[in-house]
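Please go over the structures that come below.
Next come two complexes built around chain A: one with chain B, the other with chain C.
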Partner chain A sequence: MLSSPGRQQRRVVVTGLGAVTPAGWGVKAFAQAILSGRTTIGGFTRFDHVAQRTHIAGEVPPEPPTLRRVRGWHRLSNTDRFAVGSALEASQQAGLAWPLADADAAVFFASSTGGLLETERFVHALFDPGVATATRGLLASYSLSSPAEAIARRLGVTAAVETVSSACAASALAIEQALRAIRRGEVEVAFTGGSDCLCVTTYAGFNALRAVDEHPCRPFRADRAGLSLGEGAAVLVLESLDHAVARGAAPLAELMGAGASCDASHMTAPNPDGYWAAEAMRRALADAGLDSSAIDFLNAHGTATPLNDAAEAAAIGLVFGDRAHAVPVEATKGVVGHLLGAAGAVEAVATIVSLRAGTLHPTPESGPVDDALGVDLVLGRPRTSSTLRTAMSANLGFGGANAALVLRRWSEESES
Partner chain B sequence: MLNEVELRQELKALIVQTLRFEGLTADRLADDTPLFGEGLGLDSVDALELVVALEKAYGITIRSHEVDKSVFTSVDSLGKFVARTLVAASTESAVNAQ
Partner chain C sequence: MSDRLERVVVTGVGVVVGACCGIDALATALHASSSLAAGVESRSPYHGEGSATQGVLSIGVDLSPWVPAATGRRMGRPSRFAAAAARMAVLDAGGAAVDDPTSTVVMATAYGAIEATEHLLRVERREGPAMVSPFGFTESVANAAAAHIAIATGAHGPNLTIVQREAGALTAVGRGALEVASRRSRCALVGCAEEMPPILHAFLDRFNALARGTATMTEAARPFDRRRNGFIAAEGAVVLVLESEREARARGARIRAVIRGFASAFDPTAGRLGWGRGHVALGGALTRLLERTSTDRSRVSRVVSGASGSIAGDRLEAHVLHEVWRGSTLPPILAPKGHTGEYGGGFLAAAVLGATQPNAGPTVGFDEVDPDLDVTPHGGGELPASDVTLVTSLAAGGAASWLLLEAV
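Moving on, here comes the complex of A and B:
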């Protein structure tokens, strides 16, 4: 194990989780879906996609009626609602007493699209008044920072409330920001994660790039043909270990470290040699004070585009060396699709679910793994292991935005 | 001119039609249901929508500095305001016609 200045720093633990995914509202529905390995990707009704090239996505079902009674709910965009629903769940699990002291809690949140779906509806109605009324309220939460603000309003968070929007690595990067703010002692608690809703712009955009599979996506498979879009949110309550212990909260996991990098080469394609993706993973390991041999499994970005999975496999080779073929790889997007700005957070939740269950979740089986990639994909059936302790979650976004998180299962001996 | 009961029914339909949010139906709107806060939960964006809709529907002009917030308390208060404004407008046009 490497010695690291990281170990002298304040330790940061996860004390609450919330998720809204195509599997339903709540972490439980999400955990059941990923552990069963059944895809939730299928037909959807969020918008009219008759004119699109493909016709499937991971769509979040309607919210539980209790949430509709949350004050101001009708004003929120779908992206805001997913964010607030996840934040309320995470906050409840963390058992935080409200209101928090002014300086104690922050929000570091991600979104790639904010209220873009509602903005599209407004513009559509404006130019085609036959279909609907261009209600001004549709524009109220168009901004990318709206989900973070909606969480802050709902929970009364009054320290820093910040938004990260770096493509598909955004919520992993937001989690990194939260980790650093707590380590620096700026805040004790941070609500962090990401939220995004299906919308025409991203759906048509990824289709224009020919990056969407007509069938549910098949990460790391030989016949993979692109991603599947999904929607939803996840929120992690991060907290300094001292603060959690002082108030008697039970940590779910420890966020050991985070790392980021940029390919600095192309708007959409990843660098095929995976060098900078590997660098993000190495930085996360160094930040955690760990060697790659400590990683028991990887929750991969695994979009199922031919280019992403090849670049990611190359990065895995660079980081894990001789172990590259032996490190089990989870690909959550096969179950819920690609949640864009929420992907990093949702996959961090998947990683924690796996660590806590002692079970690696499978990707739905629909063909053999691509031998050329040389990854040990958990496919078809969950894989149980009594030795799961530490895991990495990686996200590789457009623009070459790379991020990696290192998470460790919490146990009684973790505290010492 | 509409009587007050008809006017209130019309306003309820207008509110539902204008704001179009899930669960908002005319029967959820009693004459005295508070439109904002703990009642229907409308906000200032909804108020803006309603002002524009009322102006269009009744050919009236609502200037924010002239209108007290209490006008938007409920369908009842809104009905009284619209009726008052319509009477004022017709009186004004009758005077102008003379």
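Moving on, here comes the complex of A and C:
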């Protein structure tokens, strides 16, 4: 009798957004950056990369002074700071009074690095004891669950706090977990998203895979040559529609559905035919009770590696069929880079920004689109449309983890 | 999809814990009067003077019957443990639809693939980034074990890796069970995998998390004991096969236990590295789980406790139980981490055994009641008839998870 309160298929809405990206601290800076179509990827100082093969990334600028006054801020790792900064922004927009009633709020979060940057400093100090000191404090945020716990501690959350670490699909999967928990009635409100920081391990690792471009990444372009790493976080406040309405909150969007799958074929390379990535998209559509014709645009994973973009384009073809060439595709990573465990959340925020602005954000113009992929990439300039209503955001990760979300712009008619 | 939730059962268990391969080997070990711990490589460059020396390690265990060497050499140790445990679990379940397109994998890890990360950093530092192995990097990601399970079994449903420290394993079981209960997934492979290389063992020791020997007592985990001073770190993997009771009965599968309920909560009074004092709120969350599943406390015939020998963790665990039982006599409490150590899944497998077996071994390490805790764990021998078993995990950092298992 594994039970829930029996309130399945409750509608779930987004009432708050927060983002920390290479464009700055806050959704406003992020929205301006993506709508401008200018890349934020460039030189960075997070760690010494002189000996690395490449020398660019999307680096988050220093935090605003107001955040430095948050209690315990100086003890948090960078990843935790991005997470807490995003959560505070999202909760403020949602207008949630804290602490919420007992057991009403949960955190479903994602991270692929946690406090790995600080742990690297500890380990390097162990390797070279004369050069640096291995203080325990550097290890305190090591756990990948630390960002979720930092949010929960800051906001006084007492219900579930869970972390998903499934590579680049992690935060989309965490958002799905939050959606299901609210639908089941486990909680009324969930803080969900992801946070990750640039670090030596991922930078050297992706370079070892020859998956990093020496120039800012060019998703779906004919001459694409790999990804650009980035860092940052995004948080979405999800809540049941009933709860939002009861407290007079203004929904920003509705999370209509989510789906996931696994290639189950290779640790790094996506299934080239895109079948299982397409299956995640189909499952998200089925969960939303929609068919593919309802999707007005897709925010793609679009890493700009030759294999990923080809597999994703194949998946788009399988899902959208004859419409595949006509469904506009956004590729947010061209602006901010690949935020790994935070990518799905940041791109969900980008999708909501586009839905609400009625404007598809462009990826920076640099080279022709790969015609062989057959995608309608929004390139160079934003595209405005009065008919944008429903969108999909997709993510594909290491280990073949695929996830997709379906989001709908909120309007007065949505409530009925 | 029907709104009605399916009953979910455990039909397979795969175990790689210490030197134990398989659930039967672990069951035998749990009846012994000594733990599974052995000496660790405590003279690694990371360990200091007088550091802890014990761990439950799976070094030298022959996994080739489940993971051929040609496949295993491309995996990190947690992935090998997990893939082997998954194959054992699938065999144990005997015909479960793990390769169904909807079948899900939900695995937990507390620390991920530390050895691969350490190796990458060492090479990057000593020999330069150009010498970093792409293979090592792909095995350094936390979801490597879950991915290898999917590759090994053909599970194409959602593939999740949960990281919630000591609460992760039960959370993975709970989330996987909900996937099956809601009929989104026909089958679920759930559990946890962990490795305990010297660097991680030394890190835990630096935070005073591990048990230490003293002039008067040996180094050992002492769950609930007055003299407890830390846990024994462990590695390994445990995977359970979950499916609907309807499907399991239809194919004549052996049902090891029913998953009756799951809940998780958070104690915001906990710091980043330890346990808090939020037993009242956590007790409330556990009480709500019992109420939501219509489980009167009197039906809880056993508790399989996550107490590990941690000073603050065991205190919180005891106080939460007393908060729920409120002066009534606590059910018999099994504390298998005295045998299995912390992490690596031994506890999860022990919980399945503890929920169903008519007797249990002694609580290794327990000798003296702590008056602050007022808990005396099971001393070994026969148990009352099993009905509902409460399984608990309170994690450092504040997370908590509980499972209710029901005997068939």
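In this section, the second predicted complex is superposed on the first by the 405 of 416 C-alpha atoms of A that agree within 3 Å, B and C clash if a C-alpha of one lies under 4 Å from a C-alpha of the other, contacts with A are read in each partner's own complex, and residues count from 1 in each chain.
Everything that follows uses one rule, which is that contacts are C-beta pairs under 8 Å (C-beta built on N, C-alpha and C of every residue); 3 or more make two chains touch, one makes a residue touch a chain.
Only a predicted model underlies this, so the values are computations on that prediction, with no experimental measurement involved.
Trainee: Does the superposition put A:T133 against chain B (first), chain C (second), both, or neither?
Mentor: Once the two structures are laid over each other on A, A:T133 reaches chain B alone.
Trainee: For A:G18 in the superposed arrangement: first (chain B), second (chain C), both or neither?
Mentor: In the superposition, A:G18 touches no partner, neither chain B nor chain C.
Trainee: Of the two partner chains, chain B (first) and chain C (second), which one does A:N207 touch, if any: first, second, both, or neither?
Mentor: In the superposition, A:N207 touches chain C alone.
Trainee: After lining up the shared chain so the two structures overlap, which partner does A:G337 touch, if you call chain B first and chain C second: first, second, both or neither?
Mentor: neither
Trainee: Looking only at contacts as defined up top, I'd like to know whether chain B or chain C touches more of chain A.
Mentor: C
Trainee: Which holds for A:G226: it touches chain B only (first), chain C only (second), both, or neither?
Mentor: neither
Trainee: After lining up the shared chain so the two structures overlap, which partner does A:E279 touch, if you call chain B first and chain C second: first, second, both or neither?
Mentor: The second partner, chain C, only.
Trainee: Answer with first, second, both or neither: which of chain B and chain C does A:A51 touch in the superposed model?
Mentor: second
Trainee: A:M267 in the overlay: touching chain B, chain C, both, or neither? Say first, second, both or neither.
Mentor: A:M267 contacts chain C only, not chain B.
Trainee: Report for A:H74: first if it touches chain B alone, second if chain C alone, otherwise both or neither.
Mentor: Touch status of A:H74: first partner only.
Trainee: Would you tell me the residues on chain A in contact with chain B in one complex that are also in contact with chain C in the other?
Mentor: Common interface on chain A, chain B vs chain C: 75, 136, 140.
Trainee: Tell me, which parts of chain C touch chain A in their complex?
Mentor: Those in contact with chain A are residues 3, 5-8, 45-46, 101, 105, 109-112, 117-118, 120-122, 124-126, 128-130, 132-134, 136-144, 146-148, 150-151, 153-165, 168, 171, 175, 177-178, 181-182, 199, 203, 206-207, 259-268, 270, 272-273, 278, 281, 284-285, 288, 292-294, 397-399, 406.
Trainee: Which positions of chain A touch chain C when the two form their complex?
Mentor: Residues of chain A touching chain C: 1-6, 8-9, 51-53, 75, 102-103, 106-107, 111-112, 114, 116, 120, 123-124, 126-128, 136, 139-146, 149-150, 152-153, 156-167, 170, 173, 176-177, 180, 184, 200-201, 204-210, 260-268, 276, 279, 397-401, 403.
Trainee: List the residues on chain A that touch chain B in their complex, please.
Mentor: Interface residues on the chain A side: 68, 71-75, 133, 135-137, 140.
Trainee: Of all residues in chain B, which touch chain A in the complex?
Mentor: Per the stated touch rule, the residues are 17-24, 38, 41, 43, 45-46, 48-49, 52.
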